[in-house]
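What follows is a pair of complexes built around subunit A, which joins subunit B in one and subunit C in the other.
Moving on to the complex of A and B:
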């Protein structure tokens, strides 16, 4: 019984790590530009399909992954420069419509290039381990590790580095930030680059187990969205915790209740949070939105 | 500020939900201006396939096969001097997409016969439309419910019941008495648990646990954890790729260590692409396409299959899958019937009920009672080993 519970927990944590990376990307963009990026999940699929294609055509695994991650980061920057930056008065609704357009465009491009079938990146090096009857797949270490390194790195970057602080300043006091000489253009580009980077990392580390599919980004992005809502769309830490919880709840629901209800769990949580605690897990109800 | 936050996130959630609902629109299907049906002009054959979506690993080879066969037929002068126009529509692997596409084929394209859909769910959605319009429909999906008591609907894929019989006979021979089932949650997996219980009763086999998964599922830990905890002797995974391949992979990685059987839903290369080394040792019941080289030289299907393999790989640079074979059979059964009696729907239907054809999926013998035309003799068992299937019995 305990073995089963722990097994589900491992699956939930690794799946939750992917949601957490996507949530980090969503929040990075939202705090700086107040843009809800519907295309966040497509970044993951684009990187997954891209590196699957590169490795299939003979490129070494880690080089292919690196190329895919860099390319997707550039795609995210291009999206900011060519589309988001050109809108004079960006409301959240316009941002959703714009990024939805980008999401659909990316899906169509992936469908045209790589076809409708799901593809997977080869498994990363490592061995599966069995601890007390609980089997942990080597790829699950990579997924959780990616969250710790990349997600953790971005949280540290925001909290400790000069540039990170500048980004937060743009989010909290855009006018004051501009007065003290922080470029809103650079901040916006950086935020989208982070979104592209974390999305791509999530896509490549999960691809060996979960595969990448042209249409797979929508649901994945939505799970990241639920996690971001748990973080009130401002707190990386709360969103990461929320994402891991979401992954575990999904695994428990699928294991103990019915696997068909798995995706329903995420949306039930979304509705409950919006009704009961729309400010997310951590903010006090009266806190100023930053 | 609390209020402004509330006001703000709610519409976002709504729009996001709408975006999700509206996002999966794409159509790879070709179409052409409507042409009145009649005895002159091209013969119109419609097809509704899972070209995109969860059934793409079935629909794509089916689309390739039909396109290739239509080209071949027209190059050879069509049917009785009339060209054949093939209209393929993509149902996006959805039931409503299949129904819409079927209505379009019947009402605006005025097709003479329809092939499709790739999977059971969409095929069941097409059935009442074909029955009402009195247009012959040949499905390429498995569940016997598609043709049960049908007037106008036929199918070319081996019945799921025959597949289960083949698997259960082997399980009985090996002395397994308790089976676990991990099945596709859509129409393809519907009723499988009941069939196992019924068929197992005569063989001393009971079903101890049933788990299900959506064809779009990516994580199978919960299902496999439950199977691991059960006292089953062997497991049947009943699904299509990529989900069944992912299930197989999770099955091995989670160390379930019980023998595993698969249905004919996985008989394509995607199974090996998805499951990798984890596929080794899996046993599947399937048609003879993937083990042609291991068949006795006098097998009646061997020549047909080898020609299909040669043509398909010449056209597409890869070996055909079982699903292309289902489409091949449906196409030839349709074309043979049109060749014999023309396009009058009632005459065509009567002719289809007499169809006999040595095809890829088996040797067909349709009757008024049996609109599927195949029995368990169309199936073999094969074991996966290093990217190929080894014939176990024939």
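Moving on to the complex of A and C:
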């Protein structure tokens, strides 16, 4: 009984780490541009399929991963420069249509290059561990580790470095941000680069277990969004906690209810949170309407 | 857009002629569509027939989504979910319960609307991106649901749906099916077109320009948006019903995210807010998709699956970047370039009134629910805190009916904050605002408006997508009664004509009649401000809140405004105004209240307030003698 529960918890935490990384990317872009990037999940799939293809054609695993992550980061920057930056007035309506267009385009490109089948990156090096009957796959350590290192690094960057603080300020105080030495253009590029980077990392570490599929990014991105909503779309820490919770709830639903229903959990949580606490888990409710 | 019939002209026409003038575009457009659809089966190849049938089916969800995006300003990324709910429900009713077709179809449409209602109930309260992502999630839920449920046939879906029979004729080929389908699409189209021109449609378009101003005129944004969302799901459900008939199999693919994307693309290509655009977009996307499915495997050997998405993604991005108004924008700008006899040259919006005649030609109606001198507005303990900052602190005020109260104070004294709390735009931290015996603080602005309180704004809130008379006409919103249903059925033209005539009259009171048909955004700043006052007066309020009505007005315009306010007070209207022009306030107001640092430091008749030492100090500096000298000098200049 307990073993099953712990086993599901481990699976949930590792899956939740992936959602957490995507949520970090979504929030990074949202705080600077007020854009919900529907293409966030595609960054993950692009990196997963890309590195799977590179390793299959003989490139060493870690080199392939590095190349894929850098490429996807560049794709995210290109998206900002070539598309997002060209719109003068980004209303929520326009930003959704635009990022949906990018998401659709990226999906089609992945379909054309790598075909309709799901592909996986080879397992990362490491040995599976058995603690008290609970087996933890080495890849799950990599997934959680990626969140700790990359996600934690981004949070530290935002909270401790001058650039990170300026990025946070950019959303509310563009002038103040400029004084600290960061232009709105640079802030926007940096935000998209972070989104591309964390998306790509999430994509490559989860690919060995959960595989990468040309059309899988939308659902993955939506999970990241649910986590970001739990964090009120401003707090990285709350979003990460929310993402881990979401991963665990999904694992329990899949383990105890029905595996086919696991993806439904995210949506129900989303509706519940929006009804009960639209401002997220941590923020105080605000009464300002103007 | 309302067709160009001036009220005077419309009065002389027979009802039929008026109907023709008001609905010319719809009648001609639908006529052409019907003729095309009648002729098409005789001329088209079977491939083209297939595309046209699907284009007409998908035109329905596209029209619905277009209403949602164009009117409610919200995106649904799950239009396919409602389409699938309609299709599945219809199929289940037909194959499992063996209900007659019309009944099954109705239940299908209602099921889609019910789900939209339940999802919209919480989500439509939130603005921004939430509806888009919630509907995106709903799409996945529906897909998971139909895959996991026995009733919906899991991954196989439901098959064996019989084609309908009309008057004994089985609809068993594409030609018949197109004729069977077209009347429904045309009716849907007419309903949607009527809605965009109706009271509700105009209100929603005003909400998209300025939610605050629209709500202050009594528009219940939430309820209207929810209705449009439910309606848009109904259109999608109807599309699903026909899809089930046409394909005879309903599978989880009907809820696919990519189907939602293609419906969204139809709307974007056609142009947001353009119902005809949605229909044109449906045809374009169907042909584009078919073309891409042929072309891409030829260019990229071995490509299979949803390859048309390549084109969808590129077109979505390009349309938003290059032609954000879609086909509708392209068509209207082309039309404007064509030489067209009888087109009116644009009037000079900045023409100044030259004569020094400040009389008011027509006085707008006001409402006087309580006797003169009785308290109409009571403010008690009103406080607003932002974190540690107290913007307004424990303000108590009573305004007697039929008087003008001037609210003055230095910049940042909290005047506008006070106004926002009175009108409902801002929720007070503590304290209450009682208007006509009802507590209105903490409610939305449309609640205050429904009790007879309207306002203008310091930062102008103009409805830029309509003309000047259209702005004032929106002020009549509360006087109208037609809801979404009546609007869709087009049963409100008499009401609209009457309110339009009233709007012209109110404009005359401010001498703005010449600019009535100009775009509101082309007016000078001062004229826009006067237009806002007209808009507020159009609501026939009992209490008018004016936030700096004189700012940006020329000397002559100020005199007209002052005279109008005096006449309105004589007619019994209660007015509260915030104004920087102290001399103007002193000469207009019966009572003056002075705010400083969020605290009410003086309240009384103009004379006593003028001589109140605390006021002089607060207003003009710390040195009392110097301040008095300044004040005297200021008054001499005015």
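Simple rule for what comes next: the second predicted complex is superposed on the first by the 280 of 290 C-alpha atoms of A that agree within 3 Å, B and C clash if a C-alpha of one lies under 4 Å from a C-alpha of the other, contacts with A are read in each partner's own complex, and residues count from 1 in each chain.
Note that in this section a residue touches a chain if its C-beta (ideal position, glycine included) is under 8 Å from a C-beta of that chain, and two chains touch if they have at least 3 such contacts.
Owing to the predicted nature of the structure, the values given are computational and were not obtained by experimental measurement.
Contacts of A:261 after superposition: subunit C is touched, whereas subunit B is not reached. Using the contact criterion defined above for the overlaid structures, shared-chain residue A:270 touches subunit B and also reaches subunit C. Of the two partner chains placed by superposition, subunit B and subunit C are both touched by A:219. Judged by the touch definition given at the top, the superposed model places A:117 against subunit B, while subunit C stays out of reach. Of the two partner chains placed by the overlay, subunit B and subunit C both lie in contact with A:108. Contacts of A:100 after superposition: both subunit B and subunit C are touched.
Touch criterion met: A:86 reaches subunit C, while subunit B stays clear of it.
Applying the stated contact rule after C-alpha superposition, one finds that A:15 touches subunit B and leaves subunit C untouched.
Of the two partner chains, subunit B is the only one that A:4 touches; subunit C does not reach it. Residues 36, 38, 92-93, 96, 100, 103-104, 107-108, 111, 115-116, 215, 218-219, 222, 225, 229, 258, 260, 263, 270, 274, 278, 287-289 of subunit A lie in contact with subunit B in one complex and with subunit C in the other.
On the side of subunit A, the complex with subunit B involves touching residues 3-4, 7-8, 10-11, 15, 36, 38, 92-93, 96, 100, 103-104, 107-108, 111, 115-120, 123, 128, 130, 135, 137, 209-211, 215, 218-219, 222, 225, 229, 233, 251-252, 254-256, 258-260, 262-263, 270, 274, 278-279, 285-289. The touching residues of subunit B, counted against subunit A in their complex, run 1-2, 4-6, 8-13, 15-16, 19-20, 23-24, 26, 28, 51-53, 56-57, 59-60, 185, 211-214, 216-219, 221-223, 225-226, 228-229, 242, 246, 249-250, 253-255, 270, 273-274, 276. Across the complex, subunit C is touched by residues 36, 38, 83, 86-87, 92-98, 100-109, 111-112, 115-116, 215, 218-219, 222, 225-226, 229, 258, 260-261, 263-264, 266-268, 270-271, 274-275, 278, 287-290 of subunit A.
Every residue of subunit C that touches subunit A in the complex is listed here, in rising order: 69, 73-75, 77, 119, 122-123, 125-130, 132-134, 136-138, 140-141, 144-145, 147-148, 212, 257-258, 261, 264, 268, 272, 296, 300, 302-307, 309-317, 320-321, 324, 420, 425-427, 429.
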